[in-house]
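In the two assemblies presented below, chain A is common to both, partnered first by chain B and then by chain C.
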Partner chain A sequence: MAHQLMRAVPRLVARRAFSTSLARAGGGGGGMPAWQINPRNVYEDRPDFPMPNVPYVSELTDAQKALKTKEAGDWNSLSDEELKQLYRLKFHKSLAEIEAPTGEWKTVVGGTSLIIALTLVLYIIQKKYAMPEMPSTCNYEWQEAMMKRQLQMRNNPVEGLASKWDYENNKWK
Partner chain B sequence: MATPAQLGLMDAASPVMEEMIYFHDHVMLVLILITCLIFYSMLVLMFSKYIYRFLTDGHVIETVWTVIPAIILVVVALPSLKLLYLTDELDNPQLTIKSVGHQWYWSYEYTDYYDIEFDSYMLPIGDLVGGDARLLEVDNRVVLPVDTSVRVLVTAADVIHAWTVPALGLKMDAVPGRLNQLALQCSRVGTFYGQCSEICGANHSFMPIVIEAVPVDVFESWCDGMLDSD
Partner chain C sequence: MLFFPWPVVCAQRNASGGGVMSDEEFDSRWVEFFSKQDIDDWELRKGVNTLIGYDLVPEPRIIVAILQACRRLNDSASAIRVLEVIKAKGGPRAAEIYPYILQEIQPTLDELGIKTPEQLGLDKY
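Entry: the complex of A and B
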């Protein structure tokens, strides 16, 4: 078990399943900030780190390289479509897309409700066919007699049952 | 005894239980305040649009949320310890009874003035009459005088049991080879039920305790009746 874990951890780190962010000591050198959330330079869509260190698309096709060369010049010469393309080379999702609701809650609520419903069905089946009969003290007449007995013996007379019975007029208060 | 679907404590039948109810209310208030604070904080954080990008450490808030719980704990602990020592106080008991746990019944001994001993078995469901409480009624109840300080010495004959009466705020382990002392004082006339509270075998759930608090003259008549029947 331990050696399987030892093999799994580097695999998970390589797949960026969890962050291994480190704080950098001292002030930033070379224009980099002193503390980075992701110093290993992996692209990640995070609302709290909106400008990742690396672009989303790092290996460009020839057409994309040409567009990048055009970007180096006057930006007024870029069309709307080219601007959008350049944005999508740099970023995977816009902030609005990152924060957009996914509807995952519906799956969770639906799945949970289904499991609860199945459990209720199983319970009803076993109550009807497997469980023994309830004792005779659980029927209505016995419960009524028990309540009368509790009132007679002044059970919980301060704030409980007997405190709610009007003994002079023989009815509930 | 408890009424159906009862959630709270039973009404107190002894001064110590009254104090326990007050303490319970006090601690419950503290817990509700803490819970409301946490829920409010969670809701505010969940629905906040802001993200704090440079959250690392917060020395001031960490000090605050260490000191304040420590103060809250002191506020809870002081009345708790007072109550703990109150339960141990014995006020010149006028009567001493012994309660011995067996598998699976209780036996009681009133040996101060006379020699009264009897066993107390649970009534099986077939022996109940209409209105009796299932698993709670016994054939011989513990009859005690009301407003009298009583010492109960609890022990066991075989395995560990526990003698409990919630309405009086009593619970004490019955350990074989050991005598544990309980201070009992019923403030009002009535019948008070309890159940064995330490796992002791197959019929652990079927060895209840019933205390009948009666006026002193009724108690004396009962003693006479028990002696005559012997």
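Entry: the complex of A and C
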């Protein structure tokens, strides 16, 4: 949950462009220095933005260029493999792959549990070694004696504590 | 026979003070947009990204226009992507809507030689 909140914030505010453009500054920007790369001209897989601004692969090998010229002709002549290859040139992941479960929840739950466990360990150490003794009034006998005193002085006899005590038979009602 | 209470809640927006657009006009305008003969790559992308931002599944004739625009741009990958995203737009009712759409656009798919993502195995992960 915290993870997702943290992820949502940059998405709403500064957009994903920062990390992607800096990450690809070496190869993805066409050799331009990082500060010259237009943050819009990066590829991004998003289910709500199906046609990214640039194709995934823009520098084509000769074989890929040949495939592109074949694409200019009749698509009925393209085999399934070629169509898939053309798809992968243009797009990194298919929509199904983008929305596929990542199992990230396991990391989140695991990490959170680990931190909570560490906290508990620290608390136990603290309680055992660092915290002062509990006051003497916190033990059971003392509490019992206090309540007995309350009943003796008839505390809240109408609606509260003493009203629940049966004085004839010396027990709770 | 399946009954479709068709979720074409079209963009009858008047947030900026314009008039309400009828469904017909909405469809026609989008078909016209994609039917531009010298449509360019950016316009295709912009059109598709905008269209799927609306809360509706586009009419088959709009989809046909998009596919034909892809053909003019020699872009088979985008055509397949569009089909994927149309299925996604069906939301929880995609199982009813998507086969209908495919049925309606099948002649165009056959004519242009576009395979569906299912046929190419791109709907798996």
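Assume the second predicted complex is superposed on the first by the 104 of 173 C-alpha atoms of A that agree within 3 Å, B and C clash if a C-alpha of one lies under 4 Å from a C-alpha of the other, contacts with A are read in each partner's own complex, and residues count from 1 in each chain.
The rule is short, and it goes like this: a contact is a pair of C-beta atoms (placed from the backbone, for glycine too) under 8 Å apart; a residue touches a chain by one contact, two chains touch by 3 or more.
All values derive from a computational prediction rather than experimental measurement.
Enquirer: Contacts for A:Gln126 in the overlay, against chain B (first) and chain C (second): which applies, first, second, both or neither?
Expert: Touch partners of A:Gln126: none, neither chain B nor chain C.
Enquirer: Between chain B (first) and chain C (second), which, if any, makes contact with A:Lys84: first, second, both or neither?
Expert: A:Lys84 contacts chain C only, not chain B.
Enquirer: Contacts for A:Pro47 in the overlay, against chain B (first) and chain C (second): which applies, first, second, both or neither?
Expert: Both chain B and chain C are touched by A:Pro47.
Enquirer: A:Thr112 contacts which: chain B (first), chain C (second), both, neither?
Expert: In the superposition, A:Thr112 contacts neither chain B nor chain C.
Enquirer: With the two complexes superposed on chain A, say which partner A:Glu97 touches: chain B (first), chain C (second), both, or neither.
Expert: Second partner only, chain C.
Enquirer: Contact-wise, after the overlay, does A:Arg149 reach chain B, chain C, both or neither (first, second, both, neither)?
Expert: first
Enquirer: On chain A, which stretch or stretches are contacted by chain B in one complex as well as by chain C in the other?
Expert: On chain A, the residues that contact chain B in one structure and chain C in the other are 47-49.
Enquirer: Hey, which residues of chain A end up touching chain C in the complex?
Expert: By the definition above, chain A touches chain C via 47-53, 68, 71-72, 74-78, 80, 83-84, 86-87, 89-91, 94-97, 99-100.
Enquirer: Provide the residue numbers of chain C that touch chain A in the complex, in ascending order.
Expert: Interface residues on chain C, with respect to chain A: 44-45, 48-49, 52-53, 71, 74-78, 80-82, 84-85, 87-88, 112-115, 117, 119-125.
Enquirer: Okay, in this complex, where on chain A does chain B touch?
Expert: 23, 35, 37, 47-49, 135-137, 141-143, 145-150, 153-161, 163
Enquirer: Under the definition above, what is the set of chain B residues touching chain A in their complex?
Expert: Touch list, chain B to chain A: 1, 3-4, 6, 10-12, 51-54, 56, 125, 128, 130-134, 188-191.
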